[in-house]
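When the chains are written out, they are named A, B, C and D in that same order, and each has its own residue count from 1.
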């Protein structure tokens, strides 16, 4: 059994461990607006299933959600269209390729490998754009994160649109293969806007808690997402959430996690907690370098590895 | 709470469901000796962590373990050399490629993607061959499966050696890249012999139980495998165990599983049970077609999906 | 020594041979407007360096020049910017890939393999679009083909623009790699317009004669293209002109040739003749099936293989 | 018209130009025995079709023929089995890949792309090994080079056999695809021995002259190779002879050429001359760096580009 002070002590250690590796990473540079981030920022927030919150560091700093929005978009698509329909357009296999790869799409498969890489997420966005406005998507993100402040960061959005040639290449390739049938420009705009939503570490922890609690909002007892969707989304996060570093990350931490190049990390520990992390210094695969390091420590200290057989308890 | 009769009823349903798809698969044909198998065979055995055994169908039929031996070999290598050493030679990323792919090795990486594909397993075998005889390996498999009858099926072994040009190609490629430094012929022979070990569904269930019980033998309370190795092995089975169908299988069943072209399936449900299945009719990716189908049903019926939040209990 | 009647007899044989294989091909179907072509059309025109013209079949039928325009565009780019500049943006290696491949661009090289595949030709178009209007390009084609009637076929142009998602994917990929720095839409429009120019077999034969005569217009003695450009263009036609069938075609005919999916073939026999062929029934690689077949015969009959050591002479 | 003194002056210039770039290359290092070569050596020999010999530098130094033997092996195979049979096993397309690539074989085609890369040449060797001993092959090379001294360099042969894991990987892959049906070890040994034949620049020039003279031995008037084979071999040399640098080399020199990592270059100028070069300093693609440079100069100075329209004549 663990007391609050013990958890806080572990969090403080985690932050120290994370800070120790910040200098080995660097902020995203391919989008000019993201390059302005302060690489020394680091914050972590835990919302546990028994109602506690633990946090330390820069948990209120806002940053763009980027690829973590792929998880929300997938949830919304699965709830709207059903798994069978969605997975007809996008697979669920890890690709062993980088996030922005085109090769795997053109050469090795007839549909994107999975919804956590750009080609898959743009496909999901093209499904959503038929049914939802970007305001609907924003509202959905506000709801699952319980934060009405979530909104498009216009500066980042404009910066990304000015440098999204590769995503347009992916989208036109999808179009040419008849995987997306909506307007390419509309789909890329929707995708880029959802990536430009501004969140903080608490928002991610809250969304993580929702998934950890099987899709039921802890505060209200209201089911927001079906059990089946929650199970599928966690599985995909575990196998594909960290791009071509997914396998190693799963081995080490055993925590379903999704990263964004804005510096965010969303982690879920089933029936235990949601975790949100912010740290814009990235490793070579585009994942928050401090967060990956400290999650390894936290997984061991709090017994969060999915194949850990030890008891877990946080008590007042 | 579930009673024994309920579990047996579920197993009977499972067998019925499995039998319904046998005709859509076919036995392995690329190894002449394997082509002789009776595709209508099907058996399943469950060993639960509270000491029960449930089984139905052809659970005593012997077949060659094939790729499932990759799991035992990985366990032995991790316990002998440590994770850091082993994962210096072989990665842990799903590759999105078929089991016998060479391309991913030559083009996309400097080491095999993971130990569940042939290139990775041959690399593991080349580490083992320096320290162990094939008799040692046989003894290890007998121990973890609690079956002293496990032995090389000579007919299958000879048949495989006569048709192993592709594995030799892989091994020589590994040699040329200095990933293996032992004799190529020795490594391929060791690998082929360990794949030719003859087991039954009960053996696989018993080994599954060992992993489900965190590496501790249930009957004796003796630890055979370390917790860390057990966690890593289950993670790799989940992300890479079913070749390029791993992601979809994980999504659907959420049960760490490894298949062999001999028709075997090894499944682990943490703190719940080990499952062994035999059914030589294979799907296009080389996995037991009936077993994959019935595991989907069992996962739902017994709440075995790793991200399932429901209680599980089997009672007398 | 060969007399005119002999040449005409050979041409008649060639047409018969070509017609014999028309049924094994089919007209281009991916562009709706091209699908309307009559697959039984076949025509061939020879302009020899000693001033003779031989022709038979549908040599006056107009069709869109398609990929053959890549040769004119390359000539114009080389003459305008010089070889060093142009080949900094696009390579000269055969790729072994199909005409519309993206993989080779993203995975195997930092620039398009050569100017005869779409990625290379779009790159050349992006260089030209900075200096020339499409009217300039049209004028250039009229000049080198000595046909003032050459103009954009608006129906084909519109049809292609409506189905050019893959070319846009290629162009945006080039943009993302900073290989093209002009506006993507402008470059694709220029490229598509130059492909939509309407020509006949005589036009192609006339342009072939210009190349066969080292870039000097036979009728006026005026040099239109430099010797160096002519040599380079013929080399690239020989090694890369028939997509992933270039090697086999070169082996068999030894005649630098470029095909277009509109059904055209442009062939050059140094110091001997230019050849233009029209036949919209295409083989699987997108080359005029009758033309490829009959060029094999003509090459042998008229001693046109580039490594043929026999004398050649057409006399009155 | 050019006099002998003029040719000699051009050759001296060529050597000077070649020597200027030697320092940018390095000797082959992957075969220990080859690493012993003196990188400053350079020699060139021309045998013209009118019976003259011009040479300068190290034209009597012996070195192993390496990949240039692929040309002789192809000639022998074509003469023995016919083109149709041979090209059923190996293609004639440039691959855009390095000489020792496996990927193109496993991923992009069902047979080796062409006989000038290792996979293709090992396939040709496997055809020959059924009909010829290595002594027969040696005799063939002695005949076409008119040098009875050609023999296996045992030190190089042993050195290569000790480091041929990649070639064995290729051969076993070919075996697994049923492209070769002979014993793998026999085929690799035959291939390695033919690569280990010791020649000098004069030998290569003499073989080049034979090809330049349409397969007829100049001294005796005896036809050694058929016209058809000579045409095909030159075409393949032009399109595939310099590995993934073939296209650029063809553009620049227009001379069918084959390189070997022993430092040799074999060039053919139809109806003009054969050229042999020795210079063990190699560029990054494995081609003699000085030879490639000086051939560019010689091609221009002597009008040897295959698409050059200028007259050529060497007179006493």
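What we mean here is this: contacts are C-beta pairs under 8 Å (C-beta built on N, C-alpha and C of every residue); 3 or more make two chains touch, one makes a residue touch a chain.
All figures in this text were calculated on a predicted structure; none of them were measured in a lab.
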Intersection of the contact lists for chain A and chain B: none
Per Cα centroids, the chain farthest from chain A: D
Cα-centroid distance, chain A relative to chain C, in whole angstrom: 49
For chain A paired with chain D, centre-to-centre distance based on mean C-alpha positions, whole Å: 55
Multi-chain contact residues (two or more partners), chain C: none
Graph class of chain-chain contacts, one of line, ring, star, complete, other: ring
Touching pairs among all chains present in the structure: A-B, A-C, B-D, C-D
Residue ranges of chain A in contact with chain B within the complex: 91-97, 104, 108-109, 113-114, 214, 227, 230-232, 234-236, 238-240, 244-248, 250-251, 254, 256, 270-271, 305-309
In the complex, chain D residues that touch chain B: 101-103, 106-107, 165-166, 168-173, 175-176, 184
